[in-house]
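Several structures are given next for inspection.
Across the two complexes that follow, chain A remains constant while its partner is chain B and subsequently chain C.
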Partner chain A sequence: MPKQINVALIGNPNTGKTSVFNALTGLNQKVGNYPGITVDKKEGICKLPRGVKAHIIDLPGTYSLNASSLDENVVIELLLNKNDKDFPDVAVVVSDVENLKRNLLLYTQIKDLEIPTILVINMSDRMEYKGIQLDIPYLEKELLTKIALISTRKNKGIDQLKALIANYKELSITPCLNASEIDNTYFDKLRKAFPNQLLYKLWLVITQDVNFGKIDRNQIDAIDSFKTKSKADLKRLQQKETIKRYQFINNTLKKGQTIDLSSAKDLRIKLDRILTHKVWGYLIFFTILILMFQAVYDWATYPTDFIDESFASLADWVKDTLPDGAFTNLLAEGIIAGIGGIMVFIPPIAFLFLFIALLEESGYMSRVVFLMDRIMRRFGLSGKSVVPLISGNACAIPAVMAARNIESWKERLITILVTPFTTCSARLPVYVIIIGLVIPEGSFLGLSYKALTLMALYIIGFLTAIFSAYILNKILKIKSKSYFVIEMPSYKIPLFKNVALTVIEKTKTFVFEAGKIILAISIVLWFLASYGPGEQFNNAETIVRTENASLSEVDLDDKIAAHKLEHSYIGIIGKAIEPAIKPLGYDWKIGIGLVTSFAAREVFVGTLATIYSVGSAGDNEDTIKSKMAAEVHRNGEKVFTLASGISLLLFYAFAMQCMSTLAIVKRETNSWKWPMLQLASMTIIAYLAALIAFQFLK
Partner chain B sequence: MNTIVQNSLVFTAVALAIWFLLHKFGVFPKRKKASTKACGNDGCGC
Partner chain C sequence: MKVTLADIKRGQEGIITDVSSIHIPLKLLEMGCLPGNSVQLVQVAPFADPMYLNINGTHLAIRKETAIHILIEISNA
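Coming up: the complex of A and B.
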């Protein structure tokens, strides 16, 4: 027996396949992508009896081996390709005790590929509620396999499953259905044309265009002695196959399964009636949303502030402890600040995914999606786009990641592209400071102008997202099946382990994927702001001291820092872009803020704070505000007026000023094309909106 | 730690960051990995 065996976990969606995967592998798992596509590839190692190790792959959920989506195709490609390094020694088909009949269709198909197959019947703890009884020995005999009756919720049957996997060589590989029964004449011809190939495999290749071995669809078509059928005939034969399989399954379950509905105690129908109600359904959903926002905004503030303060203290400690010098400054102001800038996003991401995981695990998310689909579809989105669009108000990064469960590639892409328009929390520091500067005091219907402006910015963000989705739906020429099929799983109390693993996995993905890019950008930005060419930068201290001999030491330090920044590389860049941003009402200093805040929007406030010589960002907002309010152009006009302020607010409302969102969009779309397109179009929209606003209001 | 060491460390860190970003943005060609999707029974990988 080899020391490590390949095990493929296969099953319909919502059968608890991932719970089985978690139970088998624990934390010994990693998530990657299948080559060339963005479908998650979850792998893990499980220790089996007698020192055998199992390499377990959690394959995407599929209802049958007749693929209708990218992730379903992954399952078929693996099962048909014996040369794939992940080709399973044993397939574990996970089914749900409540939907055994439907789940067995996939099982019989996999069994017919002559791969040793174990049938797992999960959620056995619900059998009593549902009045279900199973005759396991009879089912094992009829289905020609070994069955593991398990409950991941109660942690029952996992050891039995491990023992069955370890003894996979004892499993029968006899098919459940004789493929020739589908059409004797046709399959006889097929057998004669390809005598060394498995008949059912050939049939799957013919019907699905999947390559395997030395035979592909074109080769099949090229052989004169074998003429395949028309698409319509093949479809008819596929239907015949499905009917034959269900006949077999029905006969097996007739004796192997009894369901006593009188003893069932099910609340599902009653709950569904309320949660998908056209009035109550929406009300309950929006109440949950408010709670979710409260968590992401308010509850996450405590750990976020703690992380922020800890990194600020660490930076101070590094500066105080290490010898003075460029590298110490890089560590304190670049690297530690950069890592801090990544870590502060962990609490909102974790809270958001905690809520999403709880809603998904409980079975409620499917009801929300069903509820929202009719509204979102009008704009080219899916019901499933609701979650990313809502999450985008906290942070676009987890929101873009949350679009993964949208099956249609076109709908998923549109959702990813429009989500950054929604007002993320990183825009807030910019909004707060600019609104405070330029919007006058006063109120309308008891609401202050400042609060109304803030609310208007949120509404503008959401409406732009919806409107852009509508436009993209019209112009994107992507062939994608747009249908809406959603299974309503039973309501369950979420499993702590599954929720925790989801939160850990999503947070890890952000920290290690987007985080690396943010850190690298921070280092480069720090360098550009700390170094500069020529006399003006190198002799900044002498120049400033000569010109401002009467100033105090503190004021001099501020002046020197500002002078250096003006003549640093980033200052030169700011000056270079000044002609382009002048029509928007901005000067070179705001230009630097625009450049640095490309790493993250909130960097804008910190950059202005440094430029206006008041030390580091944020901790003394009034001082920054008063300095900004006092800032004047060379001709004596104020820099921050109503016109330039509104222009700046609109620029930040539309612009894609977030490197980490671009990085995550690249990761999710597997291409730089979409994030670059997103960057260009959002910047153009932002520029035009800011230009129009300034030119009208000035 | 003297100035030379500090400056060398800074330039190394910045160079690494730039290299990483260029690499991420696909400026450097990636080494071709052997395909896992073999087209023949002998796993030729073509």
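Coming up: the complex of A and C.
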């Protein structure tokens, strides 16, 4: 079997690198993690001519090899470590025809590492529109490489790129320019001290705060002559290096690229005049947000209800078809009810990820960052905090990771701490079911009360995040250099393939990750609810029959089931915590939901599904919702009223019930201090808010 | 008085003459914010901060506090 060719895709953000990756690998891709850190590792297989296969890694986007974030470190670490199993045989630098000048900076740096490098110039379909002409043979000669002029949008040039990858051995590995000219004496010394190392590699090691396996920084620092360079001197040299690279690039492009501005059309200016306008800009942004919530609640209800009912019928079918027994009950009440509780997530989550993917892909998200920066700064956040705060509406985990783009540590820390207040999709099933139960029908200005309540919950989450940020900004005494740079990419119509792949990938990960926990907890719950200690549980039938001799057979069955549940193991646990949650308006069944959803909030609905299916006798086609609506306290009052419903909604809005988020926050902040602070303060706020709401409304 | 990037008005164009490398992040330099390159103000957010710029063909936004460390020469009014 021929060896696979290792290919690394490298490029600036917004160059369509991911589109190139998708075009090369199609559905043969998977997303994992780099060991020890939470940077997404995207890899895939691409079939090349003559049966050769290429293993392609899509590295995080970076503007240069001078890393300023964890994601960018991944790029350098891989390119400097020849022993890494993913070390590329060939690097593919993806550039965008409109920003060639800036994109080539990274290209010249990678060439200095003496790795065979192919230059991809993407978005060639926009050349005519922008009045750009390229002299490819000239550029290939000056840049010492082969160029693939492609358009992922029009699906052009991909085969040429595949052919270039297959023939990577023919590529030159000579650098384009001699960067060591910026300080000859210094680089000469370096060369003499480490004769076997690549000079540019040494330079990168010296200027970064990263450790790279074999070459130890301290080893370099230990040699006296290199101590003479202070941090400021090094930075000055880096600036010199950058200027030198740009000189080379400018000279090359002067001959290799002609731009006829008169034939260039600029949609960007026209769109930005409206989309970043002082008034219209904000109006449009809020309209988009409202549309998003309407979609998540109203449009997603139809598929959600369908899935919910389908699983309820499936559970009944299993009960009817299979012989009675513990296994059938476990399957119907534990496993199927549990899986159903996961599947109802799919529509709203997919809608949310769809919106976020569209905002990112179109280039609009950067405009939101621009519009919001000044406002967010007053709360100790950055304009870039908007991205985590919006993605937090899908899931706090990627959102906390998205805070990595924030340059200032203080702004980043505050963003991480407050992001879990935003309404993640795991809260959504809880919200949807409670709102469906307690909020009356009716509409206001064309929006249903239910949709409005949901929107209010999103707003409450967001405002709490902002308000907490304001307080944290006052309390936290952290000095950190703050600066803010964001690229404003040109507007693009999102590529269907990219958006679809993102939505599928994210939804799948979410459902499987959450699904594992939910399923496991559902099974444990079923056991705890189906068995119990002592007389009360084991002789439930006799006890209930003697107490209620006059009841009909059907009512009696219900009473027996309820009696059993109350005296099962789970009933005992629920009863134990009831005093603490009674002032919030909850009974012991909800208490169990709170306990199990401590690890992950989405477990709540699954838990109630299991508890109520166990609790109701006979076969009926009831869904979780109708079972909950029928639920009454011992005194006959309904469990789910407006007061207890709102109290529950608020509890879920504020409480930090997500182990995964806590783990991510620990990783991103490198200490248990911050996640523990988050957990404690959010739980206290949740309890108080729920308490006040119930006491006022009841 | 020295003219900095913070003084530029909408529609004006300028040439960067000097950047104070201690105050300016390397990332900004790498995006093309270097002496000799042209700069144009595309749009400002409320309170004229941040500033949406076109530097050497790259569109980016920076805060005013960063812009005051970039010296420019205004080339047209």
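The criterion applied here is as follows: the second predicted complex is superposed on the first by the 474 of 698 C-alpha atoms of A that agree within 3 Å, B and C clash if a C-alpha of one lies under 4 Å from a C-alpha of the other, contacts with A are read in each partner's own complex, and residues count from 1 in each chain.
Following the convention adopted for this analysis, a residue touches a chain if its C-beta (ideal position, glycine included) is under 8 Å from a C-beta of that chain, and two chains touch if they have at least 3 such contacts.
This is a predicted model, so every value here is computed, not measured.
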{"item": "Which superposed partner A:520 touches (first chain B, second chain C, both, neither)", "value": "first"}
{"item": "Which superposed partner A:490 touches (first chain B, second chain C, both, neither)", "value": "second"}
{"item": "Partner chain in contact with A:641 - chain B first, chain C second, else both or neither", "value": "neither"}
{"item": "Which superposed partner A:84 touches (first chain B, second chain C, both, neither)", "value": "first"}
{"item": "Chain B versus chain C as contact partner of A:327, first or second or both or neither", "value": "first"}
{"item": "Which superposed partner A:672 touches (first chain B, second chain C, both, neither)", "value": "first"}
{"item": "Chain B versus chain C as contact partner of A:278, first or second or both or neither", "value": "second"}
{"item": "Partner chain(s) touched by A:301 [first = chain B, second = chain C, both, neither]", "value": "neither"}
{"item": "Partner contacting more residues of chain A (chain B vs chain C)", "value": "C"}
{"item": "Touching residues on chain A, where the partner in the complex is chain C", "value": "63-64, 66, 68, 98-99, 101-102, 105, 232, 235-236, 238-239, 242-243, 246, 268-269, 272-273, 276, 278, 366, 369-371, 373-374, 383, 407, 482-490"}
{"item": "Interface residues, chain C side, partner chain A - complex", "value": "19, 21-22, 24-32, 34-35, 42-43, 45-47, 49-50, 52, 56-63, 65-66"}
{"item": "Contact set on chain A toward chain B in their complex", "value": "35, 77, 81-86, 211, 213-214, 322-323, 325-328, 330, 334-335, 516-517, 519-521, 523-524, 527, 663, 672"}
{"item": "Footprint of chain A on chain B - complex, ascending", "value": "1, 3, 5-7, 9-10, 13-14, 16-18, 20-21, 24-26, 36-41, 43"}
